[in-house]
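You will see chain A twice below: alongside chain B first, and alongside chain C after that.
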Partner chain A sequence: MGELSRMWRESPNRYRLLGKKCGNCGRKYFPAREICPVCHRDSIGKMSDFELSGNGEIFTYTIVHEAPPAFSRQKPYVLALIKLEDGPMITGQVVDVDPDEIEVGKKVRSVFRKIAQDGKSGIIFYGYKFTLA
Partner chain B sequence: MEKSGIVSYGSYIPKYRIKPDEIARIWGEDPENIRNGIYILSKSVPAPDEDVATISVEAARTALQRGGLKGSEIEAMYIGSESHPYAVKPTATIVSSAIGTNFDLFSADYEFACKAGTAGMQNVLAMVKSGMIRMGMAIGSDTSQGAPGDVLEYSASAGGTAMIIGRENVAAEIKATLSVTSDTPDFWRREGQPYPTHGERFTGEPAYFKHVVSAGKKMMEKMKTKPEDYDYAVFHQPNGKFPMRAAKMLGFNEEQYKEGLLTPLIGNTYSGAMMVGLSAILDVAKDGDRILAVSFGSGAGSDAFHIEVNSEIEKLHSRGAITVRKMLEKTKFLDYGMYAKFKKKLVLGDDVE
Partner chain C sequence: MLSKNVYIIGAGEAKYGELWDRSLRDIAVEAGLKAVEDAGIRTRDLGAIYMSNSLGGDISMQEHLSALMSDHAGIATEFIPSMRIEASTASGGAAIREGYLAIKSGEYDIVMVGGAEKMTELYGNENIDITSSILDREWEAFEGATPAALAALSARKYIKDFNIPKEILAKLSVNDHLNASLNENAHFRNKITVEQALKATMIAEPLNLMDCAPLSDGASSIILASEDYVRKNGVEGVKMLSSAMSQGPFALHSRECIYSVEPTKRAARKALEDAKTKPEDISFVEVHDSYNIYGLMALEDLGFAEKGKAGKLIEEGIGLNDKLPVNPSGGLKAKGFPYGATGVGQAVEAYLQLKGKANKRQIKNPTKAMIHNMAGSGVASVVHILGVE
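What follows is the complex of A and B.
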């Protein structure tokens, strides 16, 4: 049940790439942070919700051959660090590509996909992944 | 009187495809017979991490982008499908959260075989016309199922379309809509069954053609129009042949139906089928164009729409949202083994997924 609560709590972030913007320095954060690590106390009460565009480019990547059980149908798959055009760097799976199509610097955009499911009767977890733009 | 109708629209078709030749190879059928019999050259296949919720979200986001709209402006959300991810927990809850609608939202999931999406369009249109809401979204989306080796396996595909219906900045006015319904045992799926069953002799004349042609004729009678008064006609398309025959029975020619006929390339997207065709027409439609759109849902019924496009469509075209034809340019073909893995026809243990 802990996992269910966590996924529910984080669903706006996972579904819509909802991060935070510091009202003091303008830096954007994902995952969302309540305090800006640069401005510290000056950012208290000034962190506002910010929806990231989901557009970015591949900063670096790895190809996963030994996948967790939930990804058995997708291996080998690409896991990348994505430098978003809004600023933050985030980790995400790149889907609908063959691993040999992936290169550092290629443009990607976010897509909404199924992440995992809790067995045959449990909840289905959704969230962001990326695909080549 | 104030106009009501389509304010924006968006579609999503998964990237993966399989050809009927590959399915026929596995089941020992003559691919030429299949191609000629149902006129399907390839069908879309959802990736392992795609379902009706993900397809609906992608279609909804494209519709919002094309309309220059925010999710918070959507006041109603109805999703028609026969492959909702949950038996109990509405897909509309997931999709509305993913596009950022407000907590104040009318929503539900609909089911009426392949016409549940257009039933949603009628529902939203009625709410807009009555003044209950300013703007709402209706989605038709499916990851349809065909039993291995069954004729449906050659056509059952995946895709969806979102229509935003409102009364401000209407680009395609829905001047009229009507429906026909009867109790016809042409196709069904019982609770808990993974694949549908079809009552073969009922599939064509008593089901598809009776309902589609009746609804089309009734609409032309109601609007006092003839086939030549329409620039485009689009029908539910369970295969490539049925909609062409229905079009001819109603008096439409190839020029009128070819733009909205996508099943030969993507297969039958069920609840998405007519709506994806309509979306492809709206991608190229111009001010003054008239469209007759008729869906069909097994069981059985049809919804007909008389639609008139105005100059607002140019604003939608200018926003650069992906068109249906553009989406069809990027495809990856699968062999049957990969298709079986993607479609979960190969079952993994409980501890795996």
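What follows is the complex of A and C.
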């Protein structure tokens, strides 16, 4: 279902947290965008790559008990919105932690992990998750 | 000639629920033909068909549902235009709006707006993968987000910031089940208590099964007509006082606020303005409570309560005999949640209530209804205001 090309295309963004910075207003975006939603046409040609630090804090979180097949073996897992210190908010799992230790406001950092596998013999997807800093 | 006003002149519905013995085309045809019959028209009178469906391609592996429904309802021999409208879980509201605009433009005198979805064709947790396609697949679902998980992220923040007890959320589900017990087309006819609602199986903390709308099969249909048609034929329809839609950022993480839906606020403001109406003049509201937290957020964003104060409104009473009845149909939680049918189903309920045909769940003399259909976690919202003189 086109999974391979989709993943391959986006690996730099997923592996290195590569986003974009608007040369007009300085705002940073993740995932990458070609147009700044604030500056609109004034940002054309001024969007440049920007690598996020991966440091941030938990803005809100949930513990997922009912998960899609690709995540069945990981449940229950913690899914959070992370407010990154560079500005953008990002959706990701918080791992290597007892769910009871999770709190809104706790500092986290990004780690490179296996995200899921496409069926028993399908390709493995890698990307970012977060651990307590 | 431009039509000054647009009217709903008929409505039909196939029962919502787990309909193992019925196909997508069966239920779509049933709802469509019932609406045609209710409107007292012939299928050859239809100028166009707008069919709402969200996930038919993935679930039933069937696209172009409008043509399939039209053909199996025997309408293909009329050779009228039909198309499928898709805007995630707001497909129904979007389809109604397309029908409304088509009549208002003067192109057609009568159109059918249908909505159908077959959610139970999927096995086990496969449905979570498919329904997650209404999220941003690459930057939300890829990380393990599900529709319920996103609602839970908003719920946790809402509960924390406004310091409200979880019971408040449960009360919206209890109200939905109570109303659905009076709706013969509802998925769930059982009443539930707050205690039962709080003890249900956890789905995505803090939300449990009773905070989440079910996967339902279902189909709903309405017939819209121009002012000219209604006048000439002496039909008493329900007037569409306004129609508004707004769409904002896709992913939850891109939004300014995760418990206020800007598209809902904008669509509501526009709909109220165009209908020259205030929230206090609305007799009842159908809100898109795919998760009860979204119901609370909607009551606030639509203008019925200040941000963080929907709980107070719910405590004061949202039953059929209270000041603002909420979800007389049973809402998404209990009438059911067949994605593409939901928005059209809300219009069916508004039509029945405003015509005094809602049987046991009839609200006393309603004059204006607001219906709110939302896409996913709040990507887009469609608000319609309907009324009778």
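Everything that follows uses one rule, which is that the second predicted complex is superposed on the first by the 131 of 133 C-alpha atoms of A that agree within 3 Å, B and C clash if a C-alpha of one lies under 4 Å from a C-alpha of the other, contacts with A are read in each partner's own complex, and residues count from 1 in each chain.
We take it that contacts are C-beta pairs under 8 Å (C-beta built on N, C-alpha and C of every residue); 3 or more make two chains touch, one makes a residue touch a chain.
Remember, predicted model here, so these are calculated numbers, not experimental data.
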{"item": "Touching partner for A:Ser53 - first (chain B), second (chain C), both, neither", "value": "neither"}
{"item": "A:Val95 touches, of chain B and chain C: first, second, both or neither?", "value": "first"}
{"item": "First (chain B), second (chain C), both or neither touched by A:Phe125", "value": "second"}
{"item": "First (chain B), second (chain C), both or neither touched by A:Ile115", "value": "both"}
{"item": "Greater residue coverage of chain A in the superposed arrangement, chain B or chain C", "value": "C"}
{"item": "Partner chain in contact with A:Tyr15 - chain B first, chain C second, else both or neither", "value": "first"}
{"item": "Partner chain(s) touched by A:Ala70 [first = chain B, second = chain C, both, neither]", "value": "both"}
{"item": "Residues of chain A contacting chain B in one complex and chain C in the other", "value": "69-70, 72, 74, 115, 129"}
{"item": "Footprint of chain B on chain A - complex, ascending", "value": "11-12, 15-16, 51, 69-70, 72-74, 95-96, 111-115, 117, 119-120, 124, 126, 129"}
{"item": "Complex contact set, residues of chain C against chain A", "value": "124-126, 128-129, 132, 138-146, 148-149, 152-154, 156-157, 160, 201-207, 249, 251-254, 258"}
{"item": "Complex interface listing, chain A residues touching chain C", "value": "6, 10, 31, 37, 59-72, 74, 77, 79-81, 88-93, 104, 115-116, 125, 127, 129"}
{"item": "Interfacial residue positions of chain B with respect to chain A in the complex", "value": "15-16, 47-51, 53-54, 57-58, 61, 85-86, 94, 97-100, 332, 341-342, 344, 348, 350-353"}
